[in-house]
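The same subunit A turns up in both complexes below, where it pairs with subunit B and then with subunit C.
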Partner chain A sequence: MSSFIDYTVNGLVIGNIYALLAVGLALIFGVANLINFAHGSVYTIGAYIGWAAITFLHTPLPVTMLIVFVACALVGMLIERVGLRPLQGKARIAPLLATIGLSFVLDQVVQLVFSPDPRAVPSDLPDWRLTIGGGSIGAMDILIAGVGIVSAALLYVFLRFTKLGFAVRATAQDREAAQQMGVNVNAVNSAVFAIASALGGVGGLLVGMYYNHIDPAMSFQATLKGVVAQVIGGVGNVPGAIFGSLLLGLVESYGIALFGTTYRNLFAFVLLIIFLLWLPNGLFGGRSTVHTEPLVGSFIAPSRPLRVPRWAIWALALIAFALPLATGAPYLLQTLTNAWLAALLALSLTLISGTAGQISLGQAALLAIGGYASALLAVDLGAPPIVSIPAAGLITSALGTLLVFPAFRLRGHYIAIATLAIGEIVSLVILNWESLTRGAMGITGIPPLSLFGHEIYSARAVYWLCLAVVVAMALLQSRLLNSHFGRTLRALREDEIAARSYGIGLDRYKALAFAFCGFGAGVSGAITAHLYSYLNDQTFNSQLSLLALTMVILGGMGNVLGAIVGAVALVGLPEIFRVAAEYRILIYGVALLLLIRFRPQGLLGAV
Partner chain B sequence: MTQILEIRGLSRRFGGVSAVKALDLVVDKGELVSLIGPNGAGKTTTFNMISGLDRPDEGEILFAAEPIQRLSPEAIAARGLARTFQHGRVFANLSVEDNVLLGAHTRLRAVRPGWPLVGPLAELALALVRPQAVKTEEEALKAEAREILGLFGDRLTPRLDHAAYSLSYANRRRLEIARALALKPQMLLLDEPTAGMNPTETAEMQALIATLKAQGVTILLIEHKLEVVMQLSDRVYVLDDGAKIAEGPPETVRNDPAVIEAYLGHSSVGATTPSAEAVAT
Partner chain C sequence: MSFNAGFQFNRLVRPAILAIGLCALGSSAALAQAASGEPVTIGVSGPLTGQNAQYGAQWKKGFDLALEEVNAKGGVKGRPLQYVFEDSQADPRQTVAIAQKFVSDPKIVVELGDFSSTASMAASSIYQRAGLVQFGFTNSHPNFTKGGDFIWSNSVSQADEQPRLAKYAADLGFKRVAVLYLNTDWGRASQNLFSEAAKGYGLDVVASEGYQPDEKDFRSTLVRVRDAKPDAIVLISYYADGALVTRQIRTVGLTTPIVASGSIYSPKFIELAGDAANGVFTASNFFPGDSRPEVKSFVDKFRAKYNEEPDDFNAVAYDTIILLAAVINQYGTDRTAIRDGLAQIKDVPSVIYGKATFDPQTRRVAGARAVYLVVKNGQFVLWDGKKPSAT
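Presenting the complex of A and B:
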């Protein structure tokens, strides 16, 4: 009984923190129709600024909170200025992708400034606890609850009774009409980002004090939790976001009590998927809101793809194949091998997100499935890699399609969120299904690549093998794009309604696209597993999914050659020029931002 | 004459608003029937229900004597019903040729064997391997697409590999009709084909529709330009506020008092509405 009360209190406290995030996300979605993926970064920044203020300036708590509030408000305005304002009139998904780029940049800046090490946030709160029933409530719990309630009240007053609040609500209802009535929509957006970010930053500070622990990697999970809470409550709905947050906090807290800590995130993402599929308007969203139209939009800029002559492509391939003959430098060959493996992932993603227009933020999960499938076949069943790798490709193809199948009816932003969640679920299942995957221990002793009993060790041989797989998959994919199948996928990307009216069954073609690209990605993950000889649930993380998306946008959405170019450029070049690891993510983020802003069709053009 | 489309007691409500009220409508094979009425009369809603994009609340839609009101749009297309869209829904980033070829999607046979269970995978494999039969089919469809585009003179043919987004508005409307024709439809639903066209272009479009009719294509037409409707139609249905207020040959409908009232405003015929008095005071 006592523990029940403790878990409830804990759930409500965490729910309050989520609410500080989710309310901001809801406000932003309301005025800008955007799911702000940089929101978690603001939360992290808030935590670090608070930590710095307490540690270096010894500020008392109210002053710390004020500093965090103001600083994060400024960051929020910066996000609006860079991530949203310049992209008005572009594809609906463009600002979402831009905020992903911004989150890379902001997180990396935090790491560079404060170092990636976790920090403890000192708290000057009195150390007493109030005993209620069998449980207890501490000063920290009361503080967090207080901040939550006061923020909600202030927000209510602001939206309800101030002129700017009126403008915010008007913009949320109808942006164009508000503009016609003289509302400065950009100022409204800026104000909303400022308020949302200030709340999120305070949330970060509080969570740092609560757990006495902050680290720069916490932002991604924070964004996700905020999004989940928002979807539960109804996207863009402020009271719904608060309720959804408290519900999520409680579900997580009880879930941990019943199953253990490693399950915490699994509950959040399973809830997210359930809501997206069966209650896409959330608990508080209007029932009949048809949100198919406002959020549609693949990220395909009208452009003419660059026509690269056939002989030039073959010449490039020939040079790539001949390279190991000219140089035996293992470092260069290994780097390019990594680029080829990334290219397989990019090829799969460019088919899904480019050709078929379904923005996937969880593509790395396919690598994980392929890697684990091949590793387990090899380690547990003793299958030779020549069998286990293609088998892993087929397993990934089938399993990946099956996992994402329920999400096919979602569109635009929602499919992006759903694939992100499915990706997270895959890695959490790997973490928790210990009897099969060895859980957090990972799989060790995966046998090296071999062909008919001969082990392939040399950097040259591995390079050739990976390059050959890339060339084969690229040829197959180009052939597919030139067939009726490619044209059909592009049609459903352009206009699902028109496609259906001409007899194109959407599920069938989306499933086939996933089946095809699952194979390539699965093979890539499988080869990686044998090369590394070790895998765990973090080998293929969500950051890799986002990196793959950057590659694909860089090369040109849907462009086969572009995917390979993008992979070489983003994986190969930084390595070859020995860019320090901590600057790489920064480069990726900036590259993504610049591309979306100035060259959405990528280097070689979207197809 | 045999009926190709029969609609009985069709109703559709959005919240409290009845968009279509107990509509009965029949189209015979080879006929050109027009659906007219002021904005908001329920014409496009009717089209959406026929083509499966919307579900009726009540009533039945029989296409070739079979009920289709519960079928998906793709299944209805496969039965030979093609439609165009009021505001144009061409596949913007695809070439003119690809747009037309997509219209023929339901007619792909060699590459889409209707095998149970493995059908989709076979389709993927055939698209990759492309045996002779698949190539022949694709070539035949390409030839046919050019032929269809030829119906529009030199409006579209020189732009075969241009992306649809680069076309003029009128050309996009033409492309939509070309795409619909590629389906070899049993029946064609045209939603305001001359919208946004100047008089010359309208006349051209009217001539084209007349040609299609002469070729025996069954057409259900929504059109605001009454001249076009009067000259092309065998029969006309007039909707107002979701309900049918008149039907018959163009000449009869043109002189029907209810139609005149619906088009010219309520005050011109007998001023019975209380709102007119309210305005006067």
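Presenting the complex of A and C:
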């Protein structure tokens, strides 16, 4: 019993910490209708500014908090001004991507300025603790809770009773209408980003003090937990975000109590899925917060795709096939092989997200399923790769569709969050299902690719094999898109209700799309497994899912050739920037931002 | 000196050019005594950006120090030794591309890294087939060197390390231990080895909890640990996460003694854990206070160059360059000769091993040194043999 109290207190303490992030995310989502992936980066920046102030200026805590508050508010305004305001009126996917690009840039800047080494953040709070049950809470816990609750209360008052607050709420409800009523929506957005970022930054500082530990890589996990918490609380709902955070903390804590530490995040993401399915408005969201407009249609940039003449495509394919004859450079061929494997993933994602309009942030999970399926078939059952790879494609197709099936009723941002969670769940199941997957040890000794007993390992042969698979899948996909199947998918992307009233079975077509894309991605994962000969739960991580989405958007949503171009560009660019060593990911992030700014519909245009 | 010469060049005519020429000759002649000619290049694949970037940065410090020393003593075969560091972000997709780059570049004579098993082992088959030694100096995965006869490692074998940690816990007089381990291939393998060895020393493992590398909160885990009523907590951690756990053990009010694997050895551990670090026991391969000459010379030089305390990763990186320099110097710069040399070379002075010699069968080094340490007043000091009073 006393342990139960301890788990409860601990759950509330950690929930407290999630709340600091979730509040800012909720505020931004409420107004800008945007999941701000750069929020975690602001949190990191806040922590480092605080660290610098304490270390070099020896500021006391209130002063440090003030410095961080002001500095991060400025960072927030900068993000809004530079990264997001120019994208107004563009498709909603553009700002989402811009925040991803910004988070790359900000994290890299922090790392370059402060070095990647973790730092200790001393706190001058009294070492005072209150005993509760078998455990205790300290001054820092209370300060964090206080900051969370007070800021939520202040926000509530601000939104409810001040003029700017009215403007913020009006903008959140209907941007255009607010603008017509004379609300300066840019100023509102700027204010919202300033407030949310200031809170995020202070949160980073407090959490850094709490753990006495900050590092430049802490932002992604922070964003992830913040997003989960605010969805549970009701997307865009500020008080809801606090309750969502506390509930998330409690569920994680009880999960640890029941099953052990390795299951913690599994519980977090399963909770998220449960909420998305049964309470998509969250604990506190009213019915009205779920947008009834066809989110997805306007989610993707409308554009006229660049027409590439057929002969040019064939010429490109021919050049690609002939390339290994002209150059034997294995580095170039390997990089392009990586690009072909990524292209398979991008092709699958462009069908799901571009053509069918279901934004997926968990696509790497399909690679993982395919990779593990083929590796286990080969290692445990001795199947030759020529059998195990297509089999892995089919398994991924079936399993992937089954996993996403419950999420079919979701739309827009919600499906993105759901797929993100499903991706995390797959990777956590791989980690924990040791009897099948060998857990963290991974699978070693996966046999190399082979065809009828001949091993294929020269860079050239592998290159041709992967290219052939890409070309085959691309042809199949273009063929499908020009059939009634493709038209149906585009119809349900544009307007699900209209599509349904024309008698289209939505679930069936979504299932078909997922099945097709599962096969392609599964084959890509399977080939990767045989190339690497070693897999573990980290081989296909969630960053890869984000990368795949970037490829698809870069090429143009739904555009088959675009997906391949995007994959080649995004696999190739970091290699080209290799000379820049530590700076290359920074350059990559900036390049991405420029692209989103000047060509949000992608290089080849959305289809 | 050269700045002055350059300055003159702008204003004066020919004689000045001659002067620069002489100047340049003079300076390279001074170096020539040390090493000259075409440099011998080692390829390094490791994280300089991304989640594990700090480890890449730690490697560099160790490498640079070792190279200075090697090149001052005449380099290898009279040629200067250098490395090229390719950033992989410890991402397998990038390590395979780097592997192809290295194997097709005739200048690269041996490859070092990558950091994690995920990233390193994905590239092993490329190195093996091309016949370039992949030397993974942080790769403790038990199957890493099974990738082929070109895959070598001087990473401390956990099969040596963990029984030693278990013995230390037993020597300290503990009977019931709770294990917290990093849930990666390294931590999982170590935890298995520890649990097996623990039985032999009469230790009862009463709880075993794996945590994710990016985990920050351990409060609920610690309730589980507390309820198992251990008389010591064993940490199988790196320094950053080890410090987080240690600190939280103390802030939640547990007074249970902590015994940690040697991988936490770093001045950073104490900085991050603060006062909570006091009383932590660890069996480390590397201890700057060690009186062995290899250690003393390394630590002195490291402090002089960087003005900070070296840690385990610095030491391993340093050791590795010294070892490879010895191999290349003795057996030449041919890729296959380096592989054969690794099998033959004996007793290379080493910070971690004292004297390093490979077992040609396992392609690993056995017999890492270890000292029993304890943290006292924010310092790692040798354990005085006193058992902690029972709690």
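To be clear about the criterion, the second predicted complex is superposed on the first by the 517 of 607 C-alpha atoms of A that agree within 3 Å, B and C clash if a C-alpha of one lies under 4 Å from a C-alpha of the other, contacts with A are read in each partner's own complex, and residues count from 1 in each chain.
Criterion: a contact is a pair of C-beta atoms (placed from the backbone, for glycine too) under 8 Å apart; a residue touches a chain by one contact, two chains touch by 3 or more.
Source: prediction; values computed, not measured.
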Original post:
Looking at the overlay, what does A:A356 touch: subunit B (first), subunit C (second), both, or neither?
Top reply: neither
Original post:
Which partner does A:A459 contact after superposing on A: first (subunit B), second (subunit C), both, neither?
Top reply: second
**OP:** Using the touch definition from the top, say if A:S3 reaches subunit B (first), subunit C (second), both or neither.
**Re:** second
Original post:
So, A:L271: does it touch subunit B (first), subunit C (second), both, or neither?
Top reply: neither
Original post:
Is A:R578 contacted by the first partner subunit B, the second partner subunit C, both or neither?
Top reply: second
**OP:** Go through the superposed model and pick first if A:Q334 touches only subunit B, second if only subunit C, both, or neither.
**Re:** second
Subject >> Contacts of A:E252 with subunit B and subunit C, given as first, second, both or neither >> reply: second
**OP:** In the overlay, work out which of subunit B or subunit C sits against more residues of subunit A.
**Re:** C
Original post:
Looking at the overlay, does A:D495 come into contact with subunit B only (first), subunit C only (second), both, or neither?
Top reply: first
**OP:** Quick one: which bits of subunit C touch subunit A in the complex? Just the residue numbers, please.
**Re:** 48-51, 53-54, 56-58, 85-87, 89, 92-94, 96-97, 99-101, 103-104, 116-118, 121-126, 129, 141, 143, 146-147, 180, 183-185, 187-189, 209-212, 214-221, 223-224, 226-227, 240, 243-244, 247, 251-253, 268, 271-274
**OP:** Over in the complex, which subunit A residues touch subunit B? Could you list them?
**Re:** 288, 300, 302, 304, 476, 479-480, 483-485, 487-488, 490-491, 494-495, 497-505, 508, 511-512, 515-516, 606
**OP:** Going by the contact rule at the top, pick out the subunit A residues touching subunit C in the complex.
**Re:** 3, 6-7, 10-11, 13-14, 17, 108, 111, 115-118, 120, 122, 129, 131, 134-136, 138, 207, 211-213, 215-218, 221, 252-253, 256-257, 260-262, 264-265, 329-331, 333-335, 338, 342, 431, 439-442, 444-445, 448, 457, 459, 531-534, 536, 538-539, 571, 574-575, 578, 581-582, 584-585
Subject >> subunit B to subunit A touching residues, read off their complex >> reply: 15, 51-53, 72-74, 77-78, 82-83, 85, 89-94, 98, 101-103, 105-106, 108, 111, 120-121, 123-124, 127-128, 130, 138, 163, 165-166, 179, 183
